[in-house]
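Chain lettering (A, B, C and D) follows the sequence in which the chains are written, and residue indices restart at 1 in each chain.
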Amino acid sequence: MTQAEASPYTFVVPDLSDDGLAAVTAEIASTATEYDRTGDLPWAGLEAAYRAGLLTATVGRQYGGPELGPKDTARILTALGEGDASVALIAANTLITHAGQAARPSWPTAYYDDLLRRSRTGPAPANAVRAEPELGAPARGGLPRTTVTRTADGWRLDGRKAYATGGAGLAYHVVWAVAVEPDGDPEKPRVGHVIVPGDLPGITWVPMWDHLGLRASNTHDVIYDNVELPADAFAEIPRGADGVYRDPAAAAGPGSFGHPALYIGVARAARSAFADYARTRIPAALGKPIAQTERIQAVAGEIDLQIAQAETLLYGALLRIEAGDTAFLPQLSAIKVAIARSVIAATQTAVAALGNPGLSRHNPLERHLRDALCIRVHPPQEDVVLLAGGRRVLSI
Amino acid sequence: MTQAEASPYTFVVPDLSDDGLAAVTAEIASTATEYDRTGDLPWAGLEAAYRAGLLTATVGRQYGGPELGPKDTARILTALGEGDASVALIAANTLITHAGQAARPSWPTAYYDDLLRRSRTGPAPANAVRAEPELGAPARGGLPRTTVTRTADGWRLDGRKAYATGGAGLAYHVVWAVAVEPDGDPEKPRVGHVIVPGDLPGITWVPMWDHLGLRASNTHDVIYDNVELPADAFAEIPRGADGVYRDPAAAAGPGSFGHPALYIGVARAARSAFADYARTRIPAALGKPIAQTERIQAVAGEIDLQIAQAETLLYGALLRIEAGDTAFLPQLSAIKVAIARSVIAATQTAVAALGNPGLSRHNPLERHLRDALCIRVHPPQEDVVLLAGGRRVLSI
Amino acid sequence: MTQAEASPYTFVVPDLSDDGLAAVTAEIASTATEYDRTGDLPWAGLEAAYRAGLLTATVGRQYGGPELGPKDTARILTALGEGDASVALIAANTLITHAGQAARPSWPTAYYDDLLRRSRTGPAPANAVRAEPELGAPARGGLPRTTVTRTADGWRLDGRKAYATGGAGLAYHVVWAVAVEPDGDPEKPRVGHVIVPGDLPGITWVPMWDHLGLRASNTHDVIYDNVELPADAFAEIPRGADGVYRDPAAAAGPGSFGHPALYIGVARAARSAFADYARTRIPAALGKPIAQTERIQAVAGEIDLQIAQAETLLYGALLRIEAGDTAFLPQLSAIKVAIARSVIAATQTAVAALGNPGLSRHNPLERHLRDALCIRVHPPQEDVVLLAGGRRVLSI
Amino acid sequence: MTQAEASPYTFVVPDLSDDGLAAVTAEIASTATEYDRTGDLPWAGLEAAYRAGLLTATVGRQYGGPELGPKDTARILTALGEGDASVALIAANTLITHAGQAARPSWPTAYYDDLLRRSRTGPAPANAVRAEPELGAPARGGLPRTTVTRTADGWRLDGRKAYATGGAGLAYHVVWAVAVEPDGDPEKPRVGHVIVPGDLPGITWVPMWDHLGLRASNTHDVIYDNVELPADAFAEIPRGADGVYRDPAAAAGPGSFGHPALYIGVARAARSAFADYARTRIPAALGKPIAQTERIQAVAGEIDLQIAQAETLLYGALLRIEAGDTAFLPQLSAIKVAIARSVIAATQTAVAALGNPGLSRHNPLERHLRDALCIRVHPPQEDVVLLAGGRRVLSI
């Protein structure tokens, strides 16, 4: 049996033309302000993404999906982020989950089949759930306190996680946990990911997310209390060469440019909002649109330069990887940091130039600034990247 | 009759000791988060400022007040801004109004007497109301559309103003308007300030203020429809040497450092919030407070450097003025811009270094960032300052 | 006759392996300090580049050359720039000249044949000579005063040019001039390039170049006085769509990344010099190399991030062009500006962190800083790029 | 006997009027380019400063001097630095030496009398000589290797020092050394300053100084070999509260703003050079001076803002000290760093905006950039300041 024959489902190849994506962006943007206000899960936006086939664009070909690669994924997430960053973040996590399963299948067959089935009829978000309130950023090291305990016929999950984007909307959680096993070594327990259906008993959401940006992303805390799971729900993560477990998200690879891509969408939205305002604002004392002044033109040029930089870094990195340029791979994390700086610079430049109109909630720029600032919360953190890069350069 | 004898009121000299001001800061800070949420007028904070004598600290000695000068005013506003920026902004406008009247009395006697009377029993905010929706920033030039029309026994005020901080809480408005007079020159009408009691018929507030920061400042629009005023309510503003009217707020003088001072308070609050977090945050993977890492120490040092810069610019400018150093007066606006950059840099540096904890509304840093970004909306605008300074340097 | 058969010469395909290029870099670097001191033409460095086949790497296949493309050219120039920026600048101009002739042959056959012949036995630099002392940057528009006058049997060249890199070492000049023709329109003269052998009578060099950086590049002024040329020495440059002549160098295309590439080499040299110093400097008070401090590691990481950014922008732009991504082509100039910022940031960061050792001529960093700052003098200028980009964004 | 009576000398109170100082600036500037080329000791400039009474402006009143304070010293050094930074640096060290002796006399009477005598007839530079090649920056801690050994009738000085500004032009050296004494504790030797006439046998200059900037400052190495000194030539420096010796120069006090002041002069010279160029440069394509473009005006405004910032930080800090504002004293070092940033920003902004004309040695801007970058080499170093400030803020 070939894998292609095996899949009972077929997922559409999405329309990634500029016009096709722009239509999705516009539809999602139309509800973004309201979700930002209420903090509700952005279902209308997610459904628009679903209808366009964007939430399943990375489903593996062995599962009947288009298995689009990092460049197409980046384009999708930029388009979504330009519409609603919260929608895009939930989508990014879902696309990364599908891409991971396509490349290295590790889910219980029944669970992934269920996820695919639900993905055919509506948004079915999935996400890795790694952070813990006391742990600090997983990317900085340290083991989770959340445990998955071996039982007679499976596992039992207990613990509290933080920053679980998607909240109660998640169809599946991929939970980072320490295994408690009868034959395990308590000094060196196994660590891995547990696949958890979002609707199991024992899962309680704690609505902690009340943030400057990405307000509709529902990045809440979640408590697992005696959640029962089958035996194949646990997949070990291999230790690093130094014997230390590390959050896989801490290592930048081609699949890790989804988050930067969505924030580039935010910066593009900020550029549009700036241009719209500048073209229509005619102060009585000036008598013409401010867009006709050299100052505003130079500001728009700076915003555009930062976006051109971010996009060329993003696609340039992916193209260099494709071209087999391995020498720069240790710099991938630095490039992600550089993209973050550009996204924030683009958005802050737009806001700084407009005074009150850039800060008022009557204009979209204010939301774009709040969303853009969230790019820094995704690993890798800048200080870690600079130290690692410096040690490499110094051969320390 | 000496002026001191003339005043029926006596206003207390406030306690400006470090401890005295810190107590007011703490009291005001205790309600700041809630007002930021609701957007209500921050009466509890204003009342604390009132009880400490801070809202009347600049009332002229001829009116029984302490007539504190710019340096003391700056200290007061920094203390208030460190507690609640919205309270401080309303207070700043009130203190500037009193200081103006002390130096160049222009109010109708009955009105100012009424303002003082009300200032003895509670907060009695007053503010200049200059901006108009279509005009753009008054500091950039242009005449208001709001008119004050000569009537048989006084004036009639009509128009719509924007960005009137204090909103319905204002005891008095000082409204910038064009005079329509029977013997006036329609080509070159007089322009001036009209003193308007806040409770007159014909005044309608339009709740436009919905902003990233200073959410409780109630900086709404206001409509004047047929508001009747006495004959002495209008005071002309002299034209500049070039025959052009300019918003007095556009020219930086010693009295114009109140706004920068309050935002320095915001930056100080951000520094404290950063330090508090850093001292108490102990990631499991680190095993000690992050304050003990060189990285966090260097960040705290950078925040402190920016605040030291802002404060030394502020007090340095005031001390240079006092010392009779007139050569640098054309650079006063540039110094205000430099203070704004430092305040924003201090706050953004704190937020950028912390990731999620810097952006979550569970910590105060998030509010301080939003408030600090508002410093740019106060004149003078950076681009105007740079062009003016450049022309001076170039002798163009 | 096919073109390949036509060429009497064959030029070696250079060894572009990392090791091969590193060897050339090292050889060129060994004389860079001395040429920087004397300002002499860097013949030893040029000869090393010649021997490695790097000066003819872009000679067209129809002329027996390898006709390497923009990415390989960039690698070559980065390697040369890492060794000696003056060598690299002369090489860049030569490679661009050959690449232009490969793509759009316009030289007199005898002249190009002569250039190729001389390129087989040693360095034969060629360069476009466009700027004029009074004109300002050609990229900003304006016609040259240098004239090429129609004579009975050819042309006569007269005028003074500035910034002619390569100086008396140039085998050929490509001179931007206005045509004076009997049947020409004096109001709308033709403008074009004149191919001029460097050893003709009437050419006088004026040693104006005395610069912070690139001191050995011999970017002097040159006077053409009655220089006689054959009829086919002149090739017109087409006017733009708006009827205006523009310096072709002002438009960023794939061929225009040679200059940025060489300065990336300078930044790489600065990174190496920083790392070498940090690894070997052991202050008595510290007792270990400063490379082992977090501060120096973070600085090295920042330098590396800036170089990673510059390189990914450079190769990313070229790869996006190759991939047919046309939408971003209007941003090419912005990307060149972004590379310039990164190169300067990398180098200034290294210098700023070291104090005296970064500024002393006993260490190479000082030269790298002086050379890196020269990247801004190459078109396009930042302010022009920002205005153009802004107008595009604003649809003005 | 009063101190005033005691002094056999009288030093003129210099003319510190704007015009008076401008005249000295102009005279010194007229030879600055040449000294920068040759690296010779700038005697013409020093003599101009001497004739204006500027080199003895801080001589104590007990020695017949005007004993001018920090603000006047700053004005003097800004004026000198605007003319020739090397002259100003030598002058700064001399003025600091005299100010130290005025406040805390520690020199052998005969030596200081000799210095004063020579100061009446010409420049008599003096300087602290602290750094050592292997020690690293004295401000970072560590004891010198240079020793002053107790002899039968005095001391013997041996060691090698680095960065001794003034070189062979120094009338007196103030050398930081460890005391070797028969009754000393070898584990905890005394450390102090030794006063050394510059013309004693055993002093050899090593011409190491070959620097990007301040090329005429003659900041060479010096070797002391068996230099014999009288018993009163040594004065101990007290250990800090933690038992550690520290370079007094590492602690910022009011007397430590001389170095920043001179570099502000460099920035002012850069501003003038920028303005001069912009007013006279008329590109053919523009048809008017570039000073008439908004871009150049905004650049000039930014340069002026940075200078206004630097000057207000400098005088603001001194005025705050005078006003008894002790709370900010721990931030003095941070303010010096902030001044350094402003000076460099002003100068780099000017250079960056002009392209080749900003980098060519035909214009003075190039020298001003090289000189301005040297401000960072003076203690306190930025990273040390940020860490210390951060620890204070964090109460670590």
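In the analysis below, a residue touches a chain if its C-beta (ideal position, glycine included) is under 8 Å from a C-beta of that chain, and two chains touch if they have at least 3 such contacts.
The shown structure was predicted, so the numbers you read here are calculated from the model rather than taken from an experiment.
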Contacts common to chain B and chain D (chain labels): A, C
Of all other chains, the one whose Cα centre sits farthest from chain C: B
A-C or B-C, whichever has more C-beta pairs in contact: A-C
Whole-Å separation of chain centres (CA-atom averages), chain A against chain C: 41
Chain B and chain C, separation of their C-alpha mean positions in angstrom: 54
Where chain A touches two or more other chains, by residue: 294-295, 298, 383
Complex interface listing, chain C residues touching chain A: 18, 271, 275, 278-279, 291-292, 294, 296-305, 308-309, 311-313, 315-317, 319-320, 323, 325, 327-328, 331, 334-335, 337-338, 383, 385-396
Chain B-facing residues of chain A, complex: 132, 134-137, 140-142, 145, 163, 208, 210-213, 283-286, 295, 351-353, 355-356, 359-362, 366, 369-370, 373-374, 376-377, 381, 383
Chain A contact footprint on chain D (complex, rising order): 294-295, 298
